[in-house]
C-alpha cells in the first residue's frame, strides 16, 4: 500500500565552491516509514541532511514538507513544522544537566519561553514531558549529571532524547550509533524502532553501517558521490550489485 | 620482529573525553599497517597521539628506539614522521609549490625530491604555480601526500586517503602509496576495507578507543566473522 | 572572471563608492588643499597601519587580541624620545637593562639546572617564589642606588618637556651629573646579574620540565651579546655619551628609530614568552591580561616620564627654514633641508606629510615581502589557517609565535617613535591610535594584511577630509547651506564607516569568511 | 509557616548579609560613638562616609550585574556597555537640569531611552558575531563618548568637564538625606539581584544559558535565539541605565569617563574579579573593586592604577574563576562560565 509522502526533496543541490557535495538529489519519504540513507564516507549524506533540516541553504532545489515548501525557512523554524534532527557529532549543552538539556528541548515549542518572572520549575507540563523522555531513552539515573560527563553512548541517547522531547513528526537521525560500543548498538536501534512504531513517526536515518539498517528499514536510499545510486527495499538493495561495489569503496573489480 | 613504531596501551583524553582507552599498535619496519574500525572508534586520535598533537596521558610511544612521550609535536615530526590528515589541510594562502616547500626540514629537500614526487603524481607538475585552494579533492589528497614526502620521513601517517575520492583516483592513489611504501613505513587509517585490505600487510582494529585485535591482513581477509563483527561492512 | 566579479560584487561596489566619494570630495576644494589632505590622510593612515598591521598579524596567527598594542606604540615613542633628547640617560640605562635581561636568555641552562633539583613537592612549591622574591629585592636594591642621569618630572627646569624645548631652541640643557657614590660599581654589576639569574631560574621552575634541551654554544650567544653591551656600556659610559651627544641629530634620530623598534621587538618577545603563552587556551583572559598590561604600561610611562605632554624636536634634515624655504624642488629641499616644500602651491610639511607616508609604504612593502617571499612568511601564512598542521610538519610554531608577536610590537614601537615628532608625546597617544587601528582592521578585515593597509588608508583619508571640510565647509548641492563638520564628527565618521561596512560585510572588506 | 522557615533556612547567608547591610550605617556610626539617632538624621561622620562608599558600591554592583547578564549568562561580549550606563546618567542629569522634568518623568524617559538603545544594539546583533560584535558595540559606544565630549553639546553635557549642577530632589538629596539614598540604592540593587536570579531560573533565562553553551544547538531546538539575546540586552540595558540614573543623582558630577571604553573594562574587571556567570560574583566583585580602588588611591596615590593593573594580571593568571567562582569551585556549575569562555573569541 502506497502511503502519502511526508517529506520530499526535489532536485536538491549544494555546491561548496567547485565541489558538488549534493548533486540534484530527489527523494520521497513516506509517512510512518523508517527510511535509511546509506553510503560511504563523503557521499554527501550529512550535507543532504543539513539541507533538509535547513542548517544550510541549497544552491538549488526544494524541500517540501507535507506539501509545503520549507526550503528557505530558517533552521529554528523547521522544528516548529515538526522536523527534529540529531547530529553525527554529539551536539548538546555540555555544562547543563541531562534534565536541563531535555527540558530546554521540551520547552522550545511551548508558549512560555518569555515568562521570565516565573522559575522554569513552575512549568509542570514541560517537567513531566522531560521525565517521560528521560525515562524512554533510559537516562533516569543520570538525569542530574552534567551532560559532558556522560559516557559517549549515553550522550547519543541524550541527543535522541533532545529531539524526541518536542514530539516531532519526522526525526532526522544522523548516524545515531556513531562511536557507540557494538553491544550497545542493537539496543539503540531497537529504541529507535520502538519510537517509530509506537509513536507513528517517520524516521530518516543516515547510517554508515549497512547491517544495522537492513533489518529495520522500510526503505533505503544509497548515496554515492553526492548522487542517489539506488533506492528500494532492503531486499532490493542487498541484491543490487552496483550498490555492493559502490558501498564497498567504489572500486569496480576487486578480488577480495 | 623489528618494529619502527611501538605504541603501548596509550590513553588519550580530549577535554573531559577519554577517547583512547588502551591502544596498542606495532608497526613493522617497511610495512604498510592499516588501522581499521568504525567511525569515531579513535583511529584518527591514535595518529594524533603518536604525533603528540593530542598527547597521551598514559602509555608509551616509541619511534625507532626513541621514546616520544613528553616531546613537543614539532620535535616528534622532525624525527622523521610525515602526517597526511583526514581533510588534507592544504594551506589556502600558499601556492602548490609553497605547500610543498613549507614541509622542507633542510634547505633543498624539495629540489632533491621534486623528480620523485612528480613521477608519483604527474598532475602536480602542471599545478605547481596555482593556489592551494584551486585543486580538486583528489589533487588536494595528492598534494597532501606529496607534502609528507618532501623531507626524508621514515614513517608516514596517512588518514583516510580514499575519503570522498572517485574510484579511478582511489586506484591511482593506492598505486602511489604502494610506491612510497618502498621508501618508508606507512600507517594508514582507512574506513574502506577493500582499499585497506589491498594495501596493508598488517592491521590493527580499534573499537571504542581500544585496540581489539591485530595481525596479518592476509589472515583477516579469510576471517569473515571478525570483519563482520568490527567493521560491519562486507 | 565573471565569477570573480560576482563573488566580490559588494567589495567592488564599496571600493567604487569610496573612489567616487574621494573624487567628489576633491571637487569641493582647491587642488592644493586636495593634495595636502590626501597626503595627510596618507600620513595618518601610515601610522595607523604600523599599529594595525602588527595587531592583525598577532591576531591572525596567535588569536590574541593584543589590546596593549596602543600602549606599546606609546612606549616606543617615549623610548625613542629618550635616545634622541637624552642620549646620556640612554647610555646609563643600557648597562643595568642588558644585565637584568641577560639571565633570562639562558633559559636552556636554567631548565637543565632545574632538572637537577630533587623532586619534592613541598619545596618545589615555595622555592620558585622565594627565588623570585630574592631576585626582585636584589634588583630593587641595586637599581635604586644605581646612578642614572635622568630628568626630574617634578622640577620644571629639568622636566622632559624643558629638555625637549631647549634642544629645539638649539641650547640643550646640561643634565646634572651622577656618579657611583651609593653603591660599589662592581657590586652593582654583580648584583644585577645575580638578580636576573635568580629570577630567570625561579621562573623556569614554574614550567614543566618534560625534557631537557641540549646545551649548545648557540644558546649562550644572546647572553654573550647582552653581557657585551652591558659591560661595554659600563666601561665606555662617558665616551659613548660624548659620542652620541656629538652626533648630528639626523643620526641620532636614526638611532632612536632603531632603538625604539628593537626595544619593541624585545618587549614583544618577552611579553609573549612570559605572559601570553600560558593563556593560549583562554582567549577572554588574554584580553583581560593585555588590558591590564596596557594600564600598567601607561602607569610606568607616567611614573618615568610624567603626565604632561611634550614635543620631540624634528631632526635637522626636516626642520630647515629661512632663505630658500619653502623649497619648490627636490634639489632645493636637499640643499636647505626645508621643513616645508611647495607642492601644487600647497605648503607640505616634509616630515609629517612625506617622510611618514614614505616609511609607511616601505614597511608595507618590507612586511609584504617577508610574508610572501620568505620561509618565515610562508609559515605565518600557513599558521594563520592551520596551526596544528604546521606543527605536524615539524615546525616549531611556538618560536614563530614569539617572532610574530615581537615583530608586531616592533612595528607598533616604530610607529610610536615615528609619530612622536609630529604628534608630540602624551600618555593618551596610544589609546587613540589603537582605536583608529581597530576601526581600520574591522573595515579591512581582522586578519588580512592587505586589509590592514586598505582599512588604515580609508580611516586616515576619511579623517583628514573631514577635518579639512571642517575648515572650509561643504556646500550642500542646490542649496546655499554650507555644512561644516565639527571636530567630534571626525572620529565619529570613521566609526560610522566601520559600522556600515561591518553590517554590509561582517568580515570586513578583505576579510575571509570563516 | 513551614515554607517560610524553609525559605529562611535556605537563604540564611543572603538574609544575614541583607540584615547586615540594613544595619551597616548604624553599626558604622557606633564605632565612632554616634548614636543610631544621630545616624538617622544624617549627622556628618564616619557612618555617612561609609554610606557614601556603600552607595557607590551598590551602583557599581548594579552595573556589573547588567554586564554579567549579557556576558556571563548569555555569552555576548559587548565592548559598548559603558554606553548603557552613561546614557542613563547623562539623560537623568540633562532632563533634570536643562528640561526641568521631575524625577518620575525623568525615570520614565530614561526607561524609554534604555529600550531604544537595546534596540540599537539589537539591530546589529543578527549580523555580527563574536569579536566583530564586540568591535561594533565598541564603535557605537565611542560615538556616544565623542558626542558627550563634544563642545557643540557642551551646554547640555558639560563636554570634557562633565555634567554638573544637577539639582537633585530634596527628599533623596545625597547630602541631606543620605541614609534614605542609601536605602533606596540598597533596595534597587537587591530588587535587581532578585529579578536577575529569577530571570536566570526562568524559561527565558535558561534559553539564554543554552545560547551561551551552544547557540547552534539552541537554534536547532527551535529557539529563535535572536529574541532571547535581545531580551537579555533589554533587561541589561534597563538595569544599567537605572544604575546610571542613581549615579547621576548621587555624584555631584557625571564624568565623560563613564562613557569611555575604560568604564566597560571596569565592568569586565568586576565580573572577572567576582567570577564570570555568577550573579553573586558581580556583587562581590563590585565590593572588592571599589574598596581596592579606594584603598590604593588613598594609601598609594597616583600609581594606584599600576597596582590595580598588576592585581588584574595576577587574577587573570592565577585566579581565573574569580572570587565567587573559586569559592564555589567544588561545585560543578561554576566551571561552566569558565569552560564557555574557552574559544569564545573564535566564535
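Things worth noting here:
The letters A, B, C and D name the chains in turn, as written, and every chain counts its residues from 1.
Here is the rule we use: a residue touches a chain if its C-beta (ideal position, glycine included) is under 8 Å from a C-beta of that chain, and two chains touch if they have at least 3 such contacts.
Since the structure is predicted, the reported quantities are computational estimates derived from the model, not experimental observations.
The chain closest to the protein's centre is C, with centres computed as averages of CA atoms.
Counting C-beta pairs in contact, the pair that comes out ahead of the other among B-C and C-D is C-D.
Rounded to a whole number, the gap between the C-alpha centres of chain A and chain C is 54 angstrom.
Remark: chain B and chain C have CA centroids separated by 44 Å (rounded to whole angstrom).
With centres defined as mean CA coordinates, chain D is found 35 Å away from chain C. Averaged C-alpha coordinates give centres for chain A and chain B that are 31 Å from one another. Among the residues of chain B, none is found touching two or more other chains.
Because contacts link each chain to exactly two others and close back on themselves, their graph is best described as a ring. Contact between chains, as defined at the top, is found for A-B, A-D, B-C, C-D. Remark: chain C residues 210-211, 375, 378-379, 381-382, 384-386, 388-398 touch chain B in the complex.
On the side of chain B, the complex with chain C involves touching residues 51, 53, 70-78, 81, 83, 85, 89, 91-94, 98, 101-105, 147, 151. Across the complex, chain A meets chain B through its residues 17-19, 40-42, 148-149, 152, 175, 178-179, 181-182, 208-212, 225, 247-252, 254, 256.
If you check the complex, the residues on chain C that touch chain D are 63, 65, 275, 278-279, 281-285, 287-289, 291-296, 298-300, 302-303, 435, 438-439, 442, 446, 486-488, 491-492, 495-496, 498-499, 502-503, 506-507. Remark: chain D residues 77, 124, 127-129, 131-132, 135-136, 138-140, 142-143, 146-147, 149-152, 261, 265, 268-269, 272, 276, 302-303, 305-306, 308-310, 312-313, 315-317, 320, 341-346 touch chain C in the complex.
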